[in-house]
Amino acid sequence: MLRFVAQRVGYMIISFFLVSIITFWLMKAAPGSFLELNLTVGGVNAAAQSINVSPELMRALVAQYHLDAPWYVQYWSYVWGFLTLHFGYSMEFPTTPTLQLIARTFPVSFSIAILSVALAVVVSIAAGVMAAIREHSWLDASTMFVATLGTAIPAYVVAVLLALVFGVWLHWLPVIGFQGPRYYVLPVLSLAIPMIGSLSRYMRNSIIQSLHAEYIVAVYAKGGGLRDAILRHALKNSLIPLVTVVGPHIAGLMMGTVLIESMFGLPGMGQVFATAASRRDYPLIMDSTLLYSVVIMLMNLLVDLLYGILDPRIRKRGYAEGR
Amino acid sequence: LPVTAAASADDKTSFAMYIIDDGHGFDPGIISWEAYQDSIGIFEGLVKPGPKGPRPGIAVSWTHSKDYKTWTFHLRKNAKFSNGDPVTAQCFVYSWQRAYSPSTAVRDGGSSALTNEVPVVNGAAIRAGEKLPQSLGVKALDDYTFQVKLERPDPNLIRDLTLPTEIWSAPLDPKVHMFKNDWMQADKIVSDGPYMLKSYTPKTQAVLVPNPYYYGKVNLKQIVFLYSASQNALLAYKSGQLDAALLQSTDIPAVKADPSLSKDLHFFPTSVQYTLQIAPSQNTTLQNPLVRKALMMAIDRKTIAEKVLQGAAVPAYEYFCPTWLDPWITQGAVPYDPAQARKLLAQAGFPNGKGFPTLVIRVPQVGQPDVVAQAVQQMWENNLHINVKYDGEEAGQFYSTIGQQLPANEVGVVQSSGNFKYPQLLLPQSLDQYLGTQYHSLYWGYLPPDVYQQVHQLDTNQSLDPTVRAKKEAALYKKYLPKNVLDWINTGVKAYQTNDDNLMKEFYLKHEQNVFEFPIYTPLEPVLIRSDVKGYTPNDFLLTVPPIWLNDITRQ
Amino acid sequence: MAPLLNISDLKVTFHADRTVVHAVNGVDLCVDAGRAVAIVGESGSGKSTVMMAVMRLLGRRAHVSGRIEWDGQDLLALPERAMRQIRGRAMGMIFQNPSSYLNPTKTIGEQMIEPVLFHRIASASAARRQAVQLLEQVGIPDPEQRLRLYPFELSGGQLQRVMIAMALMTRPKLLIADEPTTALDVTVQAEVLVLLKRLQRELGMALVFITHDLAVAAQVAEEIYVMYGGFILEHLPAAELTQRKAHPYLRGLLGSIPRLDGPRTPLPFIPGQPLDTARGLPEGCVFADRCAHRMSRCAQRPPMIHVGSGHRAACWLAEEEVTQVWP
Amino acid sequence: MAVVVLVALCAGWLAPYDYQQSDFMATYQGPSWRHWLGTDGLGRDMLSRIIWALRSACIVGFGAEVVELTVGVLIGAWAGYKGGWIDNLLMRFVDSVYALPSLLFSIILVVILGHGLWVILIAVSATSWVGMARIVRSQALTIRQMGYIDAARSMGASTFTIIRRYILPNAMGPVVVAITFGIPGNMMTEAGLSLIGLGIEPPTPDLGTLISEGQQAMFSYPYLLLGPAVVFALTLLGFTFLGDGIRDAFDTKARS
Amino acid sequence: MAMTRPRQATELARMENLVKVFRTPKGSLVACDHISLRLEQGTSLGLVGESGSGKTTLVRILLMLERPTSGRVWLNGVEVTRLSERRLKPHRRLIQFVAQDPYSSLFPNLTVGQNIMEPLRVHKVGRAQERMQRAMELMERVGLSTYHFYAYPHELSGGQQQRVAIARALALSPQAVVLDEAVSSLDVSVQAQILNLLQQLKDEMGLTYLFISHNLAVIRLLCEMTAVMYMGRIVEYGKTDDVLHSPSHPYTRSLIASIPSFTDRGVTPLPDLSSLAGERPSPLRLPPGCAYQTRCPLVSERCRAERPELREVASGQCVACHHA
């Protein structure tokens, strides 16, 4: 276990550097990148004007990223700055330290993503189990049809419908703003519903598959019933493949919140990020990309550990080869 | 049933308003075109806008010299900042110098305040870094007398100072250390308006409460700004969370169809223009005035305004000046006349569009594709039988390639816009200034293609000092622009220097003939406001802020 | 004394899309308490299906008919709840491939105590103590430790012992062992067989042992049923296996087994393919088309004919033999 | 599914009107005999636009899938078959791409490379090939253990031959399933991109843009949203069911 | 019989001091421990031993599917231990391979005919037409009807699949064929048919087998020599009859005693439990000395301390036991 974590962390470090190289390279290649500014001729003021920031900020950027040095120094200062939590300066929000910006917005996005995944997982396990127990019945068919429909409707359409129903018709929930738990409900639902669609289908298939396994025959042979078969055996085993699909979902969600955040006016990272991207706030883009990647990697690590918890073969055999 | 927390609709002491963007926060030294929150009640300048024009703010009275060059303001003695400090003439000196000083002028991603619209003595030189901020032509004659000296006569100074963009002229408390970036945060900001910031989450919401030290009466207990994508505005208004919301044009029919909503619908004028500017090309076809006129005549601006934009626009006739302000501007309007347009095009050597180069419409794309550009594309294709291509580009990309010359088989227009209220404010201050930096894109069509190349090289040469670049470019323009164009610009310069209305009108009326652009429309803002909300004046200056002075707002 | 398990005319068909598999076609089988019975036959002959039908574990796709009498009650008529009382309590079952019949994600301890828990015989801790005891009995050293292991951490032989121990948790009257040693090494097989045999005797259980290895069947069981194509072709006491085999099929099978002491000449073998029960059944004897002694009479299906005490065969030849030897 | 592809292929003949032909006399018209699904703000026929949009969706869906498939299969098969440090290296690369926030990555790509079908293809497939690579790799890892790969090696077949002739054909099951799920996934990604204005160049219609335009107009002209949204959902559903079917087919084959 | 036919003993393959260590997360596992073996033309070799004793690993190394940790391998007199895949290719024709599970060893995506032609294709032997002809011949040779030529492997029965695998192994006219439990998964009557076929091929084509099986009775039919493996080591080696009738290693004895078999006197009885006592050691932590010490009835102090080497105890019979 420990060895496994160590190895995965090792892999993560490698991936981290690869990701940072990719982002750095992309940022450098972007047209009009601040990393490509020529400081020798016009000086800081000219450079500042050319990317429309204050000379003050420009000086800070030069100091942070060593813009007058070769690319590898720039690269390293970027990575090192990130690692030591001395994030770069945002051009868009220079008055707020990037770290503070992230510290304020990230938890919102993250909690929305996690909550919706959790909700989706719980609901889809229930729906999947229901459908699997009554395999090929009308209940199964209709549950799965609705679920499939759920996958086919994009989250942003779901969001509007939800806002219409719960905000305008029923007046139960606020549709914009952010002042407390109530404000989470609609965004979380909008993200969770399409996910529930795909996950419950997945869950159903995987429970059905588990129910066809030979060890389930053994459960019946021991005198157990369907309840025992599902609760004691099939459920846990079919969670293992579920973890495989939830992993990428989480990764996808970290970005998927952007639309939902702007839709519901939530102070999330997605908004900051979208602003950064559309205003070409490169330092912020770089740092948030890296941050997202680290989060995604951590999530993946978590998923892998979860695997180990669910599947003793992986845990005990030292998480050998492949997956 | 639990009723939503956001039933602002029923709370008569509070007002919730919908805003698309929050620009760059609340520093009056920064201009954000999207929003000007501080001008609506957080800060208060010498004068403030009112329903019938400017009215006293911190200054209770003012005098000016005969030549309109020296202005003296007498301040009220009971004005205080939100921390209790008194507002004095020194506070104005302080904030004006801060706004003009280049080291503090550009900050926070936004553009610096538009101080050049007020011709204070030495202002331009200070901005150019040639003089120290201390030499600015402002003075505190005593604690409650503030004097401004101008470089040129400006009888409109008072009117101009009430513009939302001139909020930089509001006083700042010199005791607050404003060079620290965090001073704009809700717990640190010190302001002198009727309301002050209670809390602020960027891109999410801001809450204003009355400033306890404000000298006058404050109407509401709370004002909330909610920021969100505009597609949600109607929903939020219907759900009762908002008392005022800015709609998308596509929501208008739905609102009109709903009797309970349609009475709340208002169209607020704006001063924004949607235009198509002619892009530089190696092909000189568009240098032919006949061709330009044909293209102009082939655009049905009325249909665009009424059908495509659902009435949330009025046809535009002039790049700089919104028509509802100055009726004289429509004198030069070109009517929609496809037959005549085809005739003109044939005269220019392209009968039935034959032989006409591909016309590219370049659009900066933020969000959805530009439907108006698509409409223009269709109109040109249908009416003139020429080949027109829509070319949307990501905004950053668009702006970084806007100056690139098109190849010889293409001509193009680029989507552009202006945002100006008073024509006087946009007059050329000097030939060099006008040609060297700001507006030369309007003239680059006059340059021979190879000369344009030189200009473009100068433009993109990062290693060049900006002032040197501007000078070199101005020199090129002066050398290659036709004499009538130069004369015409000089008319504008003279109008600026003398503040002569007739010269100004002449300048603008000739504009149509002399610049390379097609004005299309001026948007109207469709806004929903609850009928019990009273006391707002439409802000026709900026896009997103409907009521202009929040303290006038009341609810019955 | 009535037999413990009495199967008569058991028929099982599987209905898969458009094909019907006649897996079991009228099997009569009888197990007395405490006796060891083996069912032998080639792959696909329906051995497992018979015993799965007894346990009623065949699933919805199977159509079962006939009569399965357990202690006097007809199992096929029993409601599912009552059947569950019998399954795993009075009857235990062990399978060929223990590693796939054990849930890989649960410890063997958790799985071993399940029969006791399902039947609410004892508390979990009592069951655990019993499991320890049983594991010791089946020759697994260090049983307390092993309970905490997962199936993949044990070798095949050990897993098979765990399966046996698990089936014995409820002291069943009948243990069904479906090819429990086929996947094992010869030495391990010997160990498991010895163990099974010993436990069967000690606990006085009846044992139904399914295998395709005649020699193993002969070693373990007292009676042997030979199956082919869903039919029982011969039923004989194990001791008679090498002396008197009436059916040409059994003779063919025995002949084709390489022996440690035989000549090194080519082995005799049964020509042709085993019956494909998905292709419908022949009118007559199921073995006829592979039989060297086929005669015209074989177009009729032969009944089980007594050839000796406890020895019956479904072959017309047997009838002749009987009339010859015992006129 | 076939219908969608067919419609996409025959867009030119099927569409009753030119997708960009606008009629300013007939903007925002509800469904009628002349325009079955109504017209949009420029008086363009929605049905024609949807049909053409399906074509764009298919081009992106299939095109990106081809890119994904090529890259994913090459990398996955090689890594899976070779194992060892090659596998390790390639998989670390795969991990890194996997860790990139994909939407952001697409945005950056579009920002850097500009609009255009190619860029969208690249942007859509830039991060999604990773999934394919993982599937192919895990397949290759299993197939590598199969007896026939030993047989091939003991015959002296070269690595390339083994991958091409023995591994890939037998890895196809899950890959085909992944493809059928990948195509609608790509369409979804593309729709997401066009939602933030990074989609296909107008006036060429595209489902994502149609839907988000429809969404803007949903209170006033609901049919503008309904038409494309229903078509989009049906398309996705079709592919999902197709994928299900194929997966079931492979499952039963694997079982028997 | 093959054994009696006079033939010059040419060496087909030789392994010297082969060691194969697998690194697993739980430690290293010695699958082959200093093994030396020769495969001579005309002298088929049987390899028995319990599961996990390293038989498959040994032949995989011989076939160069796996590289040894140390030790050397010769094929037809050429050392191939460190040859690259490409240089190895010509040597691969000499020894072909038939695996236990015929289905998984056949290319599922190719027809029976293509499967049999595949080695010819890989070695670029003949033109398409000729290959097809050869494949037809081979199919007949192994007793498959050519009507199966266009069938896919999964449409055949296990016995037929094994025949296809054998035909494929014969396509390149090898001198030796390695059969890894080639008949274990088949029903007895089918097994008998395949064994007969192998015997016939051996006699007619002069093939040499390296035959792995659990079942000594099967090995007896086909192999002149037998090697017994235990925990990665060869514990006994000699003429098959000698090994069978006078086993010298206690493991061999217990192995033979465990085989359920019919004799003229009836079925062999189950061995008594005492001869089966003892636990298998973990292959990851073999005890020093003799690997069989945990189960051996004869175990002594010496067995625990000193590893017994393979030594000749009777003419041609070698045993690794201190007590033999």
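In this document, chain identifiers A, B, C, D and E correspond to the written order of the chains, with residue numbering beginning at 1 in each.
Keep this in mind: a contact is a pair of C-beta atoms (placed from the backbone, for glycine too) under 8 Å apart; a residue touches a chain by one contact, two chains touch by 3 or more.
As the structure is a prediction and not an experimental result, all values here were calculated from the model.
**Q** What chains touch chain A and also chain B?
**A** Both chain A and chain B are touched by D, going by the contact rule given at the top.
**Q** Determine the shortest chain-contact distance, in steps, between chain C and chain D.
**A** Graph distance in the chain contact network comes out at 2.
**Q** Tell me which has more C-beta contacts between its two chains, D-E or A-C.
**A** Of D-E and A-C, more C-beta pairs in contact link A-C.
**Q** Approximately how many whole Å separate the CA-defined centres of chain B and chain C?
**A** That gives a centre separation of 90 Å.
**Q** Rounded to a whole Å, what is the gap between the Cα centroids of chain B and chain E?
**A** 88
**Q** Just how far, in Å, is the C-alpha centre of chain D from the one of chain A?
**A** Chain centroid spacing, chain A to chain D, equals 21 Å.
**Q** Averaging over Cα atoms per chain, report the distance between chain B and chain D in Å.
**A** 42
**Q** What parts of chain E, by residue number, touch at least two of the other chains?
**A** Touching at least two other chains: none.
**Q** What parts of chain A, by residue number, touch at least two of the other chains?
**A** Residue numbers touching two or more other chains: 31, 160, 280, 317.
**Q** Two-or-more-chain contact residues of chain B, please, as numbers and ranges.
**A** 231, 366, 396-397
**Q** Can you name the residues of chain B that touch chain A in the complex?
**A** Chain B reaches chain A through residues 1-7, 18, 25, 27, 102-103, 105-109, 111, 181-182, 184, 201-205, 226-229, 231-232, 235-236, 238-242, 366, 395-397, 400-401, 462-466.
**Q** Along chain E, where are the residues that touch chain D in the complex?
**A** Listed in rising order, the residues of chain E that touch chain D are 60, 63-65, 85-86, 88-90, 92-93, 95-97, 99-101, 104-109, 118-119, 122-123, 165, 168, 172.
**Q** Would you pull the chain A residues touching chain C in the complex into a rising list?
**A** Of all residues in chain A, those touching chain C are 213-215, 217-225, 228, 232-233, 236-237, 240, 310-313, 316-317.
**Q** Where on chain D is chain E touching in the complex?
**A** Chain D residues touching chain E: 146-148, 150-159, 161, 166, 169-170.
**Q** Using the touch definition from the top, list the residues of chain B that touch chain D in their complex.
**A** The touching residues are 231, 234, 248, 250-255, 257, 300, 303, 307-308, 310, 365-371, 374-375, 377-379, 382, 390-394, 396-397.
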